[in-house]
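The structure under discussion is supplied below as structure tokens; questions concerning it will follow.
A, B, C and D are the chain letters, set down in written order, and residue numbers restart from 1 in every chain.
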Amino acid sequence: MKLLTPNCVIRQIIRGFASMAKSNFAYVRQFETEDRCLPNTWIVVRVDGKGFHKFSEKHNFTKPNDERALSLMNKSAERVMNDFSDVIIAYGQSDEYSFVFRKNTSAYNRRASKLMTNICSLFASSYVFHWTEFFPDLPLLYPPSFDARVVLYPTEQNLRDYLSWRQADCHINNLYNTVFWALVQGGLTPKDAHLRAKGDSSEKNEILFTEFGINYNNLPEIFRKGSVLLKQKVKETCVKELKGETAESSPYERTVTQIHALHRDIIKRAFWDEYPHLLSNK
Amino acid sequence: MKLLTPNCVIRQIIRGFASMAKSNFAYVRQFETEDRCLPNTWIVVRVDGKGFHKFSEKHNFTKPNDERALSLMNKSAERVMNDFSDVIIAYGQSDEYSFVFRKNTSAYNRRASKLMTNICSLFASSYVFHWTEFFPDLPLLYPPSFDARVVLYPTEQNLRDYLSWRQADCHINNLYNTVFWALVQGGLTPKDAHLRAKGDSSEKNEILFTEFGINYNNLPEIFRKGSVLLKQKVKETCVKELKGETAESSPYERTVTQIHALHRDIIKRAFWDEYPHLLSNK
Amino acid sequence: MKLLTPNCVIRQIIRGFASMAKSNFAYVRQFETEDRCLPNTWIVVRVDGKGFHKFSEKHNFTKPNDERALSLMNKSAERVMNDFSDVIIAYGQSDEYSFVFRKNTSAYNRRASKLMTNICSLFASSYVFHWTEFFPDLPLLYPPSFDARVVLYPTEQNLRDYLSWRQADCHINNLYNTVFWALVQGGLTPKDAHLRAKGDSSEKNEILFTEFGINYNNLPEIFRKGSVLLKQKVKETCVKELKGETAESSPYERTVTQIHALHRDIIKRAFWDEYPHLLSNK
Amino acid sequence: MKLLTPNCVIRQIIRGFASMAKSNFAYVRQFETEDRCLPNTWIVVRVDGKGFHKFSEKHNFTKPNDERALSLMNKSAERVMNDFSDVIIAYGQSDEYSFVFRKNTSAYNRRASKLMTNICSLFASSYVFHWTEFFPDLPLLYPPSFDARVVLYPTEQNLRDYLSWRQADCHINNLYNTVFWALVQGGLTPKDAHLRAKGDSSEKNEILFTEFGINYNNLPEIFRKGSVLLKQKVKETCVKELKGETAESSPYERTVTQIHALHRDIIKRAFWDEYPHLLSNK
């Protein structure tokens, strides 16, 4: 917010009024650089919690997964998707979230700084805004921060591999964390727990099953797969309220975009076959 | 937060454990680009409210200036300065804030994306976090977002001109807004108010004085000059509490960094002469 | 050429010997920036003559096309293609040449500066080196310079459209130039020639045919289509010469890469169907 | 060279004539990126020979220094300086040359690609163009190539340190090479020569003095210091030739820029004190 009048008016005023100030200082704008993303590539903005190890300890997050914290991440991501109509899919796990713009988006004229800072700040402010919905009894101790980056992927395969990389990361970390915390809660020191948890995948499954009676594959999918946010257009029936009139109002239909979360495999082809519009650039 | 164990351990595990996943997907990291800022230049990160015209209307901000809103901006900026020890001065006005790193900072290895997103998200989350302190009776309706950019300035003169540019902008907008809103509150339509307010500086001062009895120069400096945040090292006397002991504890001194706000001219040389350390790169 | 010994030795020496110099000055390397091209995109380097309007006048190039000059351009491009094994196709017209690297090239680690400057300087030095082959009686008056740029194209369609754009540009300029120069050589002033030549395509063809008896489509394809350079692997029969021996030597086969020039339409699909390896990233 | 008519005319024609071609393909220009250099910083373009170890062997360059080759490098650099009026100083040694633009140059709108490719290609074409002047009896076997990079330096100190770095490099390499080749020419194997030459500076001086009677400090300065190119404005007396007239012509004065080479220390302050205009940005 600069002024309460239209931009064209502002420019007019500033020109007429502040010619001295402008002529002396405004040259500094030339030091700004343009950072437009290469056209016709998938733009991914990944948001990542800063110092969330400490943050989760200070707020007593449940180990190895805190469903409230994951839901708050999802809620914040939903806020971002609602504001950025060209984000077609988002994927989150742990304290990170990736937002994928359609290939030919012209949001913010594809300027990387604009995209990453707007998304990152909206994500962060939403996290605080919605905190009490998910942690009604736990006050937020301090405002968290996130970093963000822009990465470009030229092909469908590159984009799918990126998302597969994040989901594989989710799996690897979650399996390790599940075993590690079961062992710690069972009485081992962190060091010993780590030594036992660092084996390969089948060893970890074995420990969980024989020592704790846990079948890893039965654990909630949100922990094992992370969260996929998709948009869906649905039809709503509305009734227009006519203010200050007694006339009856006729109901009408409109299309709205809803965001829903899935917790499923996005590495395999099946997911992409089911949602072909995601890669079709339509 | 990725794992609960040190990074070196994480790498070890991932190597041994998830070689399959890694070998297939991890190549996508190569698509990330490096964006280190040129060494030995002043790094400025400017945060700017997105859609704050609408935001201020929805929250009934006082016109032309809402002191609560400005104080909340200052509080959020203070949070940022506390977290970034290499930010030596910050300047804010309206819905924007500029943070200046010392020339030779190596914060985040001078990576532009890291700097702007961490600052921008901390600013935004702080804004929401501290909202109720400044607007105790006014619920925040939705989470705000900000954009941010990194600009580099090679010389002291360029840096000072940048800050002068922002303060001149503050002055120009505030004078106009003060006149405009006085006229509107006095009964003019926005259009007519604008027509009268768009004159030069002396015309505006004249309108304020003769028609509203306002001496512009007597208005609060925070409105006319914006806010400058500086760090100050102060000595504190502490008393160490010795837990579970009855022995007396001796008081001791420590140096802490305090942030204080000024509302004064930073265009003229006097300010910089008074705070020579700001430009000395010490 | 820095030294006559291996790099590892150089480093050893410099470390032991010039520690003073190093510690004081070598930090300046940190001011260099990395400019790697996005992976998995087509890298195009386009070289463009600087001030070739004047250059062509000073050297009395034949108007509207000088076949010697075009051949020299092609020869220089051939030099570049020979040195850069990952350049799979090149397209040239007038005083410009575009070199296309295969999508997954790792030449110079995909660093844009390295690619464009090496290609541009080799092109320029080759142009001078081969000058007398094409202009045996015309001394080169001064060394020409070229600029170059790197452009990335993510998809086959984008790449084909880029090359189509250059070939369409060749056609447009050549048709105009052909008409313009026919009229000028027929006695019109440049200004009047321009006025007549600036009509649409069919008007230009009409002028050429009715006034000069020229069927534009019968003009040499090198003028109308530009030049496409492709690589071809061919088998050669060699005879190894055994030095200082009288034993007979047996002939053997080897595969060598030859570069040949085509002058044909690359806008239409037929060309690409004929050379499917160009787009297959093999 | 695109057409033989002014640019404004070209644009007019292309607009009216080739609208089809334009609308389909010209979008590919959007994939080009801008790479303007940060304002108010020293722009250095360093040109570096590619594969000059091999090049010098193939052309039998004298070891450890070939004065003809160094003079050809200087001649090529002179060409560049003549074409780029904003290059205020250049420094060369071995097969490299650095060109320093004045801080506030707007040459090519400060676009890095334009600056480095134009300089690099002009350097390369000049090298071939002037070859026979310096190697009258030695045919050039193949066209050499060079790479180039742009580096920005924000302060005088950084710029001076950059040039000091290159001159220190010259000294280190030349002292080593001088010893190494003296030993090789004295009968040692390269390996043994290296073992003896790799000591510290005083050891190398000792070997040269006691074994070869060479006082290193008496060797030509062009070898030990490299070459510094500076511009000098000088007054020339001219006589205007009046064509086709018998009237006497009166002599008049004009100022021309001459480039002269120095071979002296640029690390110490004395040089810069002597040429204060170099750093004054005038």
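The rule is short, and it goes like this: contacts are C-beta pairs under 8 Å (C-beta built on N, C-alpha and C of every residue); 3 or more make two chains touch, one makes a residue touch a chain.
For each chain, UniProt lists the protein as follows: A, B, C, D = tRNA(His) guanylyltransferase.
These figures come from a predicted structure and were not determined experimentally.
S.K.: Can you name the chain that lies farthest from subunit A, using the mean of each chain's Cα atoms as its centre?
M.R.: Farthest chain from subunit A, going by C-alpha centroids: D.
S.K.: Approximately how many whole Å separate the CA-defined centres of subunit A and subunit C?
M.R.: Here subunit A and subunit C have centroids separated by 45 Å.
S.K.: Between subunit B and subunit C, what is the separation of their C-alpha centroids in Å?
M.R.: 51
S.K.: Two or more other chains touching the same residue: where does that happen in subunit B?
M.R.: 31, 33, 38-40, 152, 158
S.K.: Chain contact topology under the given definition, line, ring, star, complete or other?
M.R.: Here the contact pattern is complete, since every chain touches every other one.
S.K.: Spell out the residues on subunit D that touch subunit A in their complex, using ranges where they run on.
M.R.: 30-31, 33-34, 36, 38-40
S.K.: Quick check on the complex: what are the subunit C residues that touch subunit D?
M.R.: That would be residues 1-5, 9, 12-14, 16-18, 21-22, 24-29, 31-33, 47, 49-53, 55-56, 63-64, 79, 83, 94-95, 112-114, 116-118, 120-130, 140, 142-153, 158, 161-162, 164-165, 168-169, 171-173, 176-177, 180-181, 190, 194, 197-201 of subunit C.
S.K.: For subunit B, which residues are in contact with subunit D within the complex?
M.R.: Checking each residue of subunit B against subunit D gives 38-41, 152, 154-155, 158.
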